[in-house]
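Written below as structure tokens is the structure these notes are about.
For clarity, chains are labelled A, B, C and D in written order, and residue numbers in each chain start from 1.
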């Protein structure tokens, strides 16, 4: 059955398999057609890999925190490395926890899919879109990572004595803090690079994951909405409305279940995106000197913005499409209006169906503007601080120079 | 039929025709009495004109962005020219897109008008009000533009060698940045002026357009509300309530359809107004030296405030009038209370009918205070930044002077 | 009938008569027992007095604005005098407009009172409380005004040449700006003082007025709520619930009518209180030198805070008490639950009954914390600005001194 | 009956008895099994102890305020001591007031417990959890207090002349301000220390108290929710739904009653936690010099954060669990859907059941993020202020030094 490729499990498969390369989501049987193929075991190479990755990221985190404590000067920018690794560390933990519950979640999803199968089928082209998203994400992240490597290489070249020493120069310049604490060795560098690599991907992965899961939910609601719109303004039997209401109820419960499993991930995602967008904007206002610096900055900032906003819009779409049945229900002709329609209307208008960030925020369209407003406010506050200090000391220097003359 | 002049299509006609002079809304048949006269064709002189205008504004935009990048010092005020042209460029694009869907939208509107025609007629004097608004907008914008020209002429006069050279001095002073990049030529100047002229009008046009469309919606709801208020506290048959509810439903759907077509325009409008109000307020706090400067500043700031607030209040009115039926429905006598009334109450109390800004914000009365609060906060933040730097360097200069003595 | 003294018209009478002494609310027949005694005529000495007051306040306003423009240095504190007179000017206009509609409003109120008279009577002791509030307000405002006079006298004494010249010194010091523009004359001083006096009282009067009107509304809802609570959990006939719902509906309509008449006054009140609280807090952070300065500052700031918060809490109470019927309705026994109770519940839970500030904000409990939060934020922003400049120039002076040595 | 140990009165008993050691909640008979054993008398040693404590805290408060006025330099940090004692003074007053109503409240709670006893029993292990929380709180607070003592001792040691003089040095260094005003005496020191001790505990006690009361409410809703979930999707008779709805109604009323008694305490708690978190964060950004300083800072800040967030999450849980019945109600099969279920749905969806802060804020999950957002904003504003002044004067000093050379 070709349509089954558009099922939740099959469509998300490429993304999850990609995630497993980065030590995320250590579940076996992802490529199967049925939830029963999925299995999580604590004693498996996948989980071991995840733990290794956690250890690596933890090392990075320790180095960064130590650096911060030693520097004894906490600024907004200086906090970025420890926050980056703390976020990826937490994310890996969250995915590990999610993995233990993944078979269960997919099986619940499949139950809903089975219910809808006869009347609605699978969402069309959903698998293709997911594949495209996963591929896009992997490519874009790889390009970003390569650009970062190249940027570091440019800095390392002058310090190298030529030949293969460029490798040493490169690594000591990249993991400067780490190799202050311990002596340089190639194997250490390679391990550090691997875990750094995993961390970088984990960071982008989160947004993409939330985006795709939201899209999957949205698709289900859209399918349902299409079926409903077909009877808009027409007479439909009580039985139709009862089944529609029950299906809607199932979809809402599914959304809640998904939310219970990923809401902490969503919050982490939102918080880290907010932090890094503010940071990049803040940096953008300082001078970027070289052309390559410009390109790198705009690429990575643009990618971050794209990821964050696509996540927000996709997650908000779940809330939006869950409200679509309203119009049809309001327009039910007086003749066929019945207790089931009334109950359905009550259901739709009194319940807020949406993904949330640890249930602290509801991801809807209004949230997006709130976030933009926060970014503008924090940015103005940060700029002021930065400006105040920056231009201040420069001008003081100027004043001092005059007085010395 | 004289009343038909108050139909949506006829009433908005003057405004839209005026818009076409500025390369907006390239639809043919605007002056007709029926939606069927409207037609959009990609291959028409109107669309060609729009594309020419887009090219012109895009050139301006490029010049401004280049200037900003070269200056290498990004401040709030320095961003104004690129943002101005970006906004007008986007607005022209949005109007082009809207034009493709305009015949459809008007025809939907006409359907609702036909339904209401027998019992409610057309809104009275609506055409006259629209004409007045359009005339007012055109006059006020022209005056502002002329004042800007005069202001620039004052600056240009000292640089002129007399005679016809004043034209050259005028244009080189106005398009300073452009003529840094390319040599001066009269035809270039005229083209630049034309597109500058179009951009300036487009900017004011947006607010006025949203205002008038909101007013048209409000009129419909008001007509409906009047009809309803006539039966307040009186017995009315079930059939009356059913028809009232269905009509209300139609009006809500119309509002949603309109919103789908113009919500991105509304967001652009709100964002640009917010930006330029903050900017002008910020400038007002710096010294304006000459009397003419004072007059020009207060005129243009006042006009901006008037446009923005009239847009906000008119758009919010749609939400307000959509809630009017509540009072009548709550007061339906117990004897004639029936399932239709109950459904009507449910409809009115559970649905939020309003124009939105790209569905990110709902335009209601509360929004207005939120905007005012944001302006105050941003202004305080900006002033601080400006003040900090301004008064700071002055006082430092003062300190330095003392030390030099 | 002694109870009739607690009617709306009688209870507010002392406050309104006091208002007339300050040229507010120029309606005749305030002391009557019936709305029919109230009358507004444009050609009456009361209205003439109001216009004279408006002229006087307008003169003050002009002097202040001129001063501000000449000084050419707009700061937060410098804007206080023009804003003060603008607020009182607007308030006087609003009261004039309100006066034209007062007979109508009171007659609507009386209709509701008549409906409730048999079952609920008039609110007990309401007149006494209103009298107390009016007396308190008058006393507190008089004391504040006298303290301001004394404070000015202290400043004037050193400039006086003794004897009756102290009067000249006093007035020239008080109306410094005015007597810069025109020559000193006793009659001018007395006129200026009179209008200044009126403005000061008008300012406090607004808060007190809104407080008392809110209290009157609250009383009505409380009376209604008490009657309802008597049947809590007991069986009551359908007729009882129908009448209760209709009465509740009347009360809600009354609240809306009152709101339509005073909402702009409420907004003015809120905005001016917010501005002056921020201002006084801001000033408190600067040094107040003398003991008398301390006492005066704390008295006037405390009085302002008291007025503002009592207004907010009383106005919010209207919203709170309008929600009280919920509990009783939820607890209606299953046996006597009927369509009327259901409609009543729908009414109470779907409608927001509250006073508003020009319908831009709803006055409820939550608003109070929003206001407190705004004050804290603005204060932090202002302090920073002030601090930055203040301590800045002092330290610069210090630095300069060192370098000069 | 062993289960009765999990009743509200028994479970909170350890916490309340601990509170009595710190002069809070002067009610007798706390250890009883029945509300009838509780008794509040104004003339009792417990109340006398409370009043003594109030006098002691008031003395501290006066000393701190005097210090602040004399210093004539009001900064954010300098306000901390008076605010600390004002908060604890108010808290003690609030507990005294609460004590007068405690027997009443517990008896209402017991009525609800009796209703639920047959079908639901008492919440399991609730007493154990409460005991653990009380023990944890006491231990953690004691440790913090001891660390503060030790920290002060370290400062006092160099000033001591050896031997028993270390006591004098210790106390004069701790109560520096007090012993500036009055001569040193050991008995004064001991009294001061006692009341300081009481104040410190009162401060932590508030959070823990609100946490436990919230937990007790949550437990009741959870028990109810479990019973309901047992019939999810199954047919249940009308009588079942009626009783469920009535019980839910009772629980909501109980929540409201509890809220009426403790809402002012909750607001005080929230406001003081917000203030002190901002303060500690602000301090953390300054340099903490010694290792012991680091440990003490992180311990006390961590404890504060833990207390505040556990309070917020527990209080928000009341709101969350009160919404749990929704899912079950939405899923009632069409066959057994009846008027009682409809009323129940109306009840759950239209009423907001939650603890509040003086009814100005509702304690729900969304609030938590609002608080976090406020902390970030205020922190950025404060840092700026601090930074501005700190780094400013340092750099100026530097500039001045150069000029002197």
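By our rule, a contact is a pair of C-beta atoms (placed from the backbone, for glycine too) under 8 Å apart; a residue touches a chain by one contact, two chains touch by 3 or more.
Treat the numbers as computed from the prediction; the structure is a model and nothing was measured.
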{"item": "Third chains touching both chain D and chain C", "value": "none"}
{"item": "Intersection of the contact lists for chain A and chain D", "value": "none"}
{"item": "Most remote chain, CA-based centroid, reference being chain D", "value": "B"}
{"item": "Interface residue identity across copies chain B, chain C - same or different by half", "value": "different"}
{"item": "Chain centre separation (chain B, chain D; CA means) in Å", "value": "51"}
{"item": "Whole-Å gap separating chain A and chain B, where each centre is the average of the chain's CA atoms", "value": "36"}
{"item": "Touching two or more other chains - residues of chain C", "value": "377, 381, 384, 388, 392, 396, 399, 403"}
{"item": "Set of all touching chain pairs, with the criterion as stated earlier", "value": "A-B, A-D, B-C, C-D"}
{"item": "In the complex with chain C, residue positions of chain D that touch it", "value": "72, 74, 242, 249, 252-253, 256, 339-340, 343, 346-347, 350-351, 357, 359-362, 374, 377-378, 381-382, 384-385, 388-389, 392-393, 396, 399-400, 403-404"}
{"item": "Contact footprint of chain C on chain B as seen in their complex", "value": "285, 287, 320, 326-327, 330-331, 334, 337, 345, 349, 365-366, 368-369, 373, 376-377, 380-381, 383-384, 387-388, 391-392, 395-396, 398-399, 402-403"}
